[in-house]
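In what follows, chain A forms one complex with chain B and a second complex with chain C.
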Partner chain A sequence: METREQSSLENTPNPNRMPRIKLLNISRLALASPLAYIIAFLLTFLIGGIVILALTGQNPITAYGSFFAYSFFSPYGILEVLAKSTPIIIAGAGMIIAFRCGLWNLGAEGQMAIGAIISTAIGVNLNLPAGVLLPLIFLASFIGGALWSGISGFLKTKFGVHEMLTTLMMNYVALKLLEYMISGPLSMPHPNYPRSSEILPQAQLPFLQYPLNVTFIIALVLVPIVWLLINRTSLGYRLQAVGFGHEAARLAGMNIAKLTLIVMLISGGISALGGTAEVVGDFMRMERNVTGGYGFTAIVVVMLAREEIIAMPFAALFISGMLVGASSLTLVGIPAAFSQILIGLLLLCVVFAGFIERWLKHRWEEKAKVVC
Partner chain B sequence: MLVRMEGIVKRFPGVLANDGVDFDIRPGEIHTLLGENGAGKSTLMSVLAGAYHPDAGSIFIGGKKVVIHSPRDAIRAGVGMVHQHFMLVSSYTVAENATLGLNKPRFLIRSRSLEKDVAEKAQTYGLQVDPSAKIWQLSVGEQQRVEILKMLYRGVKILILDEPTAVLTPQEVDEFFVTLRRMAAAGQGIVFISHKMDEVMRISDRITVMRKGKKIATVAAKETTARDLAIMMVGREVLFQLDKADKPTGQEVLSLQGIWSLSDKRLPALRGLSLSLRAGEILGIAGVAGNGQRELAETITGLRPVTKGRILVNQKDMTNKKPLEMIERGVAHVPEDRKGTGTIPNLAVLDNLMLKCYRYPPFSSGPFLNLRQIRSHAGQLVKRFHITTPSLETETKLLSGGNVQRLILAREIATASELMVAVHPTRGLDIGATESVHQMLIEQRNNGGAILLISEDLDEILSLADRVAVIYEGQITGQMAAKDAKIEDVGLMMAGKTMEASPGETT
Partner chain C sequence: MSKKFFAVVAIFALFAFLMTSCGTTSTPTPTPTTPSSSATPTPTPPPPPPEKTKVAFIYIGPIGDGGWTFEHDQGRLYLEKNVTNVETTYIESVPEGADSTKVIRDYAQKGYDVIITTSFGYMDPTLEVAKDFPKTIFLHCSGYKTAANVGTYFGKIEESRYLSGMVAGKMTKTNKLGYVAAFPIPEVIRGCNAFTLGVRAVNPEATVSVVWTNTWYDPAKERQAAEGLLDTGCDVIAQHQDTPGPQQAAEARGAYGVGYDSDMSKYAPKAVLTGPIWKWGIYYADAVKRIQAGTWKTEQYWGGMKEGMVDLAPMASFVPAEVQKLVDDKKAEILAGTFGEFEIFAGPLKDQNGSNQGSRGHQDDRR
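Now for the complex of A and B:
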């Protein structure tokens, strides 16, 4: 569209022509996404409020009030929210790596279970000093989870089986394996219900302040590491290239099969640490609900954060808040399951917000592509 | 005067798409809007058709000033636009599509009378199409007629056609022009958006030339020439003669020795093809689409295995090596599909420029990327190859085709390639962009690069290439120096000499 003398960076966009917000100096387009999210949240609580009113006759404002007062404004509630978010953040960090590469690793729950099994097996049986034992537990869990999701990666690269199916199915295999372990090989002597023995004291991580434990810090450290991996390493560059443009990546000499496998390994390995964290930081043993559905919750969290690693912990905290607040709902006569309804609603509304955002952007940029 | 547009201004983030444009349409005329991609033709017409709201300027329809808020408004005012991408429901019939969105049959749809109605309308303008046929059964040309019919059925007086011939075969174009004439004769005002010079000269009554958002001139077709229009459109003399330095060729860079390869359908697409290419030479591969061109490009770049034969790059056997090994041996690829395989549309210009060099120092050290080096390198490429982009972070999908192609060429040339495989490098580009791509290729050749140019455009091949080879059914059926090549001979060879022969596998 342009001739040769008039081109390149210097003389292209005249900043005055852009619809900009003066104060922040950001394009109006950047506001589309927060705005859409606000709409989604309002909509969720509006619909949720109607449901509360219709089904229980309670005042939704009081219900929400007690809901959030407990989760986000009571000292114990806040600690509980942080504690609950820990395995979700870890599993979410693992998932995001795969999602960014266009791989639907929905197997975090199963990978967590593998992590939990390996941590328990080592934590109960290997009497080593803490300085050796704990790193060993984390490393072994990482490898175990990596190999577990590596199976899906292998099936994908070798036979073209979609990873969404295999990772999802492998969840159930892993959960059954966990159940077998606690009622068989790893069972404690004479349990009242299926559970393993307690792990050795030196394998137990301390609580910062009950119920929050040290693994929360591990989760927080993991986030910038994954960010670095995605945004500042050549592996991260490659995985995004493959995620966004398979063919172009192949053309550029990237080995897609190898990369798929690597990504599945790393993703599963990190997710498995979520299970480890629950064993060595919270349960100190393995029980049936040790993974607690956090691997599935992490899917919602990653969607909510739009696969953005920096946004993910916040989404995790918010969802944890909703899960923790559920218990206070019963006090005002609303079933605790209602928070699950709200989370479901939120997911729907966020999907809807995606449409709003696209619509806003469309309106505001009016297809900038026609012109430049 | 059917429509008058005065001083239309339309801004997009970073660009002034329409800068005070005046335009008018008379009843019964075919008025062409001519300009390069991105000149603002489509924007101007989208403003008239209600898709965009102008930032300034006014529109008069039938002498009355109007404000158009939506395409529905526009249709009510008598303006209808047929876009390049059809908006038809493929499981519905022609008649159903024509009446889609109208609240006319309020409750019961009597398809019989509807079809009769639509058929009558079609008859009036000579739009041959069966009103009871389902859309999916129709050819692209017929679907286009349905789109036009849809607008006529809504009673529009001004019909805007956005590059309507882009999807048609030459025979269909002829038919289509007859219909256009018939509609004009019935008093319709027709706006024809195009950048194909010969068609414009054939069909237009008046021509308005746009460049960079501004109207350059409106002229009567009878009083102008293609040459004058081209100058107005591009803003200067178009260089038909390319600056090709007369240099002796160097050593052999590529040698294909009887290679065989399968198409995606597992049928033999290359059948013992042999050719040789030297440094500082452009070898043009001419041929009808689907005679193995794609497979040829993909085997040389390592994307497709050969089942027999050898590939030598710089005297080294590179048969069935991986794409990365080919790249490292100095093979560059400008692929056919610019947006899907040449670039990653959702990633930034920066990322796309780095696709092939990110793995080498100084752009990465150990596992980490060196962003500062990457930025400065990308910035230099953007400048050196005249890529117009608002910033390095802009998503590549927002660039025009010409800029995307320059981006690809910049990337490929920058990776120190000795051999470049360029497939349809200028397809779909306008004159200005085509010219700049040609110059980049010539420059690469003058610097000692070897280029395998695969193109359907014979003129392009004959003007760029030093040698021409014709591919037919996966074999090279003839080779000659480009300066001795006669277009008729090449054409005959492309058809495989015996005219009854099948045109080969479709891929």
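Now for the complex of A and C:
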């Protein structure tokens, strides 16, 4: 403890040493993070390449080429990637708020389902003008999602049940509820298949260019809003403080229980809008796979972006590119499921990259000390 | 703040890196083709390229599902082998709904002449895309909506279902049979009823319990549903799913199973008695030939055992000879045209609440 304090004291005041330390600290240590990421990506595609070669005998470079060529270099593919990233970005934005507060809200999939159910219920039944109907759909979905994840927040604050478990379990409850809704109360008048009727025309948001919907812009607008919430409001300041250290925040006089509840409400509310976007901007009705697993995908995306809201949309685009590219994999004789394997690998490698980064930083810091 | 900045930079750098790496990888892509193109001139000079019919198949599951999609893909390969000037492609695991619209539209834009969509839930997406591509022909499996350029096709699987029900009805000891079914929609209910009527024809005491999984393809869920039925004392498990999961569950408990889609005996050799199977290739070859000849018109194709569209998988060696003979005789009647869907669903029919559903003898409301 003492030595640490000493070293930090040593480091700060001496003006002679400053430039050198600064150089080492910033330029080199800053490299650790991108370097670790590059290693993670290389490792992912290297392992993936070996798997391709071993299982199918295909040239991995050709396979990757067609994989990314479609997603990122064909006009329709790019639109598809942007469209698919929409619910992921929205769910990710909601999730990050909780993650930054140290709350593992893994319930985006279920919250999306709740959002979808509420949007459909209103969108099918309430014949109001678009100017009233659409805000109502978004607001009601937000409240529904907030209350749904608020259950986990309540269980956490009241009984200390870990939110990771409850949010995860609540996903399945919500998805079952969705299944019930499409074959029961919200099913078509003459059902031939479990799904709802189409929502009213004025509730359907227009396509910018098919398949890209206006909901993508909503997702993009949400990102700076969440950034402001986290970085420029007192709530954001407090939730980050709790995220950094529970005990410290408590000693600073923060009401952690209240904060936990508020954060879970906001987080779930925003994630639910992902389901709304799918209903009013893609499916125009509710079906079994309306949430499409995007709530789970958002977990990977948030991890990949290291809980940074500004980086998250880029991570979302990348992952959605991998999902869309899966279709072109079958063209070169590789099962479409391979892209899921690749995403899983990437997640593992990014976690591993965290270790590399810490190790690199540690090493370089040691060296820096020695040099000084 | 700086940490955040660098994270952003890192992501940007990664994108740049991946873009450039893609750019470079795309250049070597042609290289593997150059040796092959340099090798081709030796045998024959390139023949004048005839206009190939490009056919795309949209699948709900992976081609390795051992059932529904596997059989469609066998049909695709049959088409490639038996019809000249055909080029096919396929895409696996396309979810029904909005996602499938994107995929179907993509293939239409790519200029495919025929797009074959092989799941019920692709019905509306297929029609939606077909509106915008009047020159493309769409064939949708198992639906009921058509358009000038959208035809549907399906088979009288109830014929094989009825026969498989006869086998199951003879083999059960507990008189309790289980049926793992995907969705409560007409196609599945029809098959389920045909199976039950087949069971009852040889064993009036037997009951058939149904579990709905609400999924076409989910091996784990299909298995669990079968296990639930086995727990209630069922000793034969039939199914309407895409994989052999329910039969494997039956085998693990020493019970019997009736497969579907494909001859599933290799997945559960000790359990599978037989099963209704599909032979899509015959239809695909026929339809594409007619499209090539320009004689195709929108239709609702519904072929049976006689047309070769459906069949009964070979019965297992442990099915007693007299049962095999009984079933074979019935099969001969179907092939001769003396026993068909009107006889299968002949009244009087009662639903599970005991109320009459049809009493008009052979004149079922199908006509």
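Here, the second predicted complex is superposed on the first by the 340 of 372 C-alpha atoms of A that agree within 3 Å, B and C clash if a C-alpha of one lies under 4 Å from a C-alpha of the other, contacts with A are read in each partner's own complex, and residues count from 1 in each chain.
Throughout what follows, a contact is a pair of C-beta atoms (placed from the backbone, for glycine too) under 8 Å apart; a residue touches a chain by one contact, two chains touch by 3 or more.
Remember, predicted model here, so these are calculated numbers, not experimental data.
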Partner chain(s) touched by A:G65 [first = chain B, second = chain C, both, neither]: second
Partner chain(s) touched by A:A305 [first = chain B, second = chain C, both, neither]: second
Partner chain(s) touched by A:Y172 [first = chain B, second = chain C, both, neither]: neither
First (chain B), second (chain C), both or neither touched by A:Y76: second
Which of chain B and chain C A:F355 touches, first, second, both or neither: neither
Touching partner for A:V290 - first (chain B), second (chain C), both, neither: second
Partner chain(s) touched by A:F41 [first = chain B, second = chain C, both, neither]: second
Chain B/chain C common contact set on chain A: none
Chain A contact footprint on chain B (complex, rising order): 11-17, 36-40, 42-43, 52, 212, 234-236, 301, 303, 322-328, 333, 335, 337, 340-347, 351-352, 354-356, 358-359, 364, 367-369, 371, 379, 382-383, 386-392, 397-400, 402-403, 430, 432-433, 436
Residue numbers on chain A that touch chain B, as the complex places them: 1-4, 7-9, 12-14, 17-19, 27, 29, 232-238, 240-241, 244-245, 247-255, 365-372
Sites on chain C touched by chain A in the complex: 2, 4, 6-15, 17-19, 22, 25-26, 28-29, 32, 62-64, 89-99, 101-103, 105-106, 109, 120-121, 144, 183-186, 214-215
Chain C-facing residues of chain A, complex: 26, 30, 33-34, 37-38, 41, 59, 61-62, 64-66, 68-69, 72-73, 76, 80, 83, 179, 183, 192-195, 210-211, 278, 282-284, 287-290, 292, 305-306, 308, 310-311, 314-315, 318, 326-327, 330-331, 335-337
